[in-house]
């Protein structure tokens, strides 16, 4: 069965105004395999799978599903053919319940009046969520869920139908290990039932763990397909970016300088009694499970949310919490790359240029008059520094790939003269190349004397980059580890972050054989 | 006019009301017979107007109120929040019936549209003095209609304009709100007169919704379109003043403007020569006469079906009277 | 039922505000609690409620239908012109009248729906245009004149009582029940929310967004058409601008009821309260005997007050939700 | 020109094209559009009517960019002009009256702004309620009366030259255009209208932006009110019931989207001119008054459709 072909793509092509997103790609998906597609940001992965899922029409070539020509007219049509997709960008109905989101478009009905059967819907949804091992109530509002929880709901939605082919476009970008393990368990289950899975991710170590075959794309073109068992990580990366990336986390630790930020007994809606401090030249990581309160904490420090009590000191000066706000934070030299780039980071309908100058205007144009050439210069500098893949700075951010969108957010903050950078999940949905660039930027910032706070769900990332890691659990700091200590490991951090102290049942170390190759110091730490 | 007895007569109003609410109009004489002058004091009247945002209606209200107070009555005014809203008028009347007054003085926004409310008032047996706009619904009862005939006012105003122009010239007409009864009547009256005088050409007729601002722009446009205009016939004072402004701005001094209604500002404008004359549709007189009619009814005077008031053309001849009335030097 | 409960739970602040206003009226507005007055409030709310149902759907889907007033006026006039051809209309003629009105509404709705839903034209521009066309067409078909004076049988549809309750209230009740069923209990209803909350999500989930939008506008149009004819029956008159202002009042009722322009948020249950609030405020203020001018001031102030209370309590509630410690099981 | 570029240009100037087409049409179809003398009707539109509509449309644009509506502009004009009228008739001092108007406008604007920014009431509800409150107060002030005795100097200031209105409007329009497109404040307005959370995250003081915008709005309305009473020669509480509709129509027809974050002063100007040329042109064409509204609706639909069609053609052929 492993070799029967489910879907064959022949010379697929897709153009958008100004770009050829997918160029002459031919590949096949076998029945019951987990087929990984990797590639840099903007390589055309999402575009390719969206064509399979009926979201885009193909501009050239043909698709053959089980020997028949496959031309989905729309999503519904694709679903009828058994092809379903979990999208890269979350698109949930924020004001509806989890169950309503899962069953949207195919709500169970009952009776001659075809009334929507809410009870049945909630019941089915609960079963589904329990099967996935997520304890979310079906009646919870999606807007009350964290991004990670929302992503799991998307997964639940996609597997709630019978699928021949399930496409997962970066499902793990904001999941923590626990959910990832869950997801992989489900993936294996589905695979055992004969469902084919296309899996897109930028987290290299996952690919080895779950994938059967790996297809690499670059600049819209097909580069090659390899069996997961036969390939080295290094080779894959070279295929992807066309060059070798030696050390992903190229961390050089600096001597910590003056104290930049300190909090004392900081308490807010979802965090309590937080005491932390961050010094110049340091990268301080925050680990924790979904909903541990990390995002809320940094949002309060940044003045986006109001903290309730406690003290915050910036460079030794107390910030009055009662009238703290983002504007003051920015003026005092803070920068925040927020976790939810779509709603809090970007002006999606504005141009790259307009996005980049948004946070530095106060500083650059003190008399209130905007000079267009300065704006242009700033934007171009940002785009160049971060290698945002775009044809022009006038392009709407909406049209960029996820990774490039994230780069725009970072560029916005680099354009300011900030001294304290808060990165909340900065590498969500970003390819290895770009990741290493962002790590490089963080490194550089630290080296130049800025203080950096970094929240990441990917523990390897934290281990690889951070000087120190705070672990949060249920809104409280449950521990602190420095890179010099020999407990600076995934296991220890997880144990701090999980209920009941030491994690026992948590299968956190990667499966043998497909473990992280030495992608830098992080890998070494994790290994030992 | 017999003035009512002063304050002493605050006899239990409840009892008075019972006695004074005749079952139906036909029974008026017998019902009224038993009443002494004493009983005629302390009545409660409800006045329903179309709006209170123009001097026409505020003057009417003030005059009615004054008369009522003179009689020793109380008077409440009902007015829709949205000007000229038939729907709201009906709602207002229905609400007021929760605590029915002794007499209604009603100026409906729509002569037929008010029917549902009138039916209910008839049912409750409260007498109605109709004013300004005639209630025309079938089988509806009211004591009398105090009003002016807009068709007639328009005719006399148009006639006066024709005379002013010596029987020849070109005229623009500014209509009121499309579809409103008064506007239709006025337009008909003016059209009929102008049609009879072959020397008069009606160049154009456009609605400006009884509003000054709109009249200003519409007139600006029309003046541009017609280089030869001798007169403008405006269906109310507001529009006439708007037109006068447009004429002044265009520097077309020779154009005579005539208006309907009367207000302080109009009288001043006539005195200043901006407006040739206006046909006063005597709203104050209607208000006053409505109260008088109510009193007559309670006294048992046999009522005519209509008590029409005559419009007064305000021009140089009687300007001083009007100036005095508004206290204009 | 549970969903209705949940919806009601979502509007507690609104309820508090409403309660305060009701208390004020109970104490200060004479006759506010009389059975007849409550019936008055209900019957004054009825038509607004019917058309607000359509508006609520449109706003839930993140758009707005401002053509409602125009469509109502035109449909009402269309129906009126039809029914006046009969001296003694029977039930079939009356039903036909309502069908004609509803049909006119449907045509407008379809036009809106196809242009906005199918061809993705800007909903503001298109419904503004259809509003204009509606008001305009209402002027054209009857030369700008008001039609009034309808056979009793026709008026009875809105203006008589069944089991002691005005028929117009029954009509509204029926429609509201149907619409409640549609929005809360059918797939189509779910899809309205889906489309409004996230059009992207809806279309990616296989919902036919175009069809949903077309249906929404069709329903809104039909309800406006029906409401227009009902308005004619209730007020006994049909004018070209009879329903002017209904579009804004319907939006206000919807927004007061907690449905937000963000789309996908709120629902019909709130709109019912919103519409009741709108007419209750006017009723109470009139009963309190404020002058016309002050009524306007208080009307605005009360609406604002209710919303401010609502907004503040919502904010408190949101905090409470966040405070609830999350248990991961 | 490339396909995309052509489309961009087309989109950018399509409304201007509509305006030009309308002007050409009416110039050809009626004799009086340009004549006789003094530019005929065009001078009416440009000198007498457009300044008012454009100012109102600019106010509306400002609020619409912030994702809101302002339904209270008509009532605000009524109240402010009544108050200014009262001051004028009492003192005959034009500057005091203008000052009163501006102060009152600022107060109204700030109240709106506080309700929207701090209490977080939707702009629709705030302005819907304000519409009643303001007009109610105007009525309480003046009842059914008008005030027309403005003293000898006031009207002369504005009406001695027929270009005054246009000039004053132009000054405000240019100022606003500058403010919106060339200043930090302008960028903050667009950012806030596009995505309030992201704006706040970027350090923009969203609340201050709202208040400032409504304050500006109030000031422009106050100024417009002064122009109105100067033009009409009277102050009355019933003015402006249809102003919100007129302004919204002009703004939308000019191409500003109601979804927030976009919209320009030039859109307001072009939209106002389109609406004015249409209504004026139809009177000159002799279109019966009943038909005029139908025509306006039809022309809006037609012009949007034509725009679509042209876009398609430009995609397919260029």
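A few comments on the model shown:
When the chains are written out, they are named A, B, C and D in that same order, and each has its own residue count from 1.
The definition used in the following text is that a residue touches a chain if its C-beta (ideal position, glycine included) is under 8 Å from a C-beta of that chain, and two chains touch if they have at least 3 such contacts.
Nothing here was measured: the structure is a model prediction, and the numbers come from that model.
Taking each chain's centre as the mean of its CA atoms, B is the chain most distant from subunit A. Just count the C-beta contacts per chain pair and the biggest one is C-D.
The mean-CA centres of subunit A and subunit C are about 44 angstrom from one another, to the nearest whole unit.
Centre-to-centre spacing of subunit B and subunit D amounts to 36 Å, using the average Cα coordinate of each chain. If you average the CA atoms of subunit A and of subunit B, the two centres end up 73 Å from each other. Contact of a single residue of subunit B with at least two other chains is seen at positions 52, 81, 178, 207.
Within subunit C, residues 139, 144, 292-293, 295-296, 299 each touch two or more of the remaining chains. In subunit A, no residue reaches two or more other chains under the touch definition. A complete list of chain pairs in contact reads A-C, A-D, B-C, B-D, C-D. Every residue of subunit B that touches subunit D in the complex is listed here, in rising order: 52-59, 81, 83, 175, 178, 204, 206-207, 211-213, 216-218, 220-222, 224-225, 227, 238, 241-242, 245, 249, 263-265, 268.
Touching subunit B in their complex are the following residues of subunit C: 30-31, 34, 36-37, 40, 44, 139, 142, 144-146, 148-149, 155, 159, 231, 234-237, 239-242, 245, 282-283, 286-287, 289, 291-293, 295-296, 299. Touching subunit C in their complex are the following residues of subunit D: 71, 115, 119-122, 124-126, 128-137, 139-140, 143, 248-249, 252-253, 257-258, 289-298, 300-301, 304, 308. The touching residues of subunit D, when paired with subunit A in their complex, are 3-4, 182-188, 190-191, 194-195, 197-205, 261-262.
Contact residues of subunit A toward subunit C in the complex are 55, 74-76, 79, 85, 87, 91-96, 100-101, 104-107, 109, 113-116, 118, 135, 144, 157, 269-270, 289-291, 474-475, 499.
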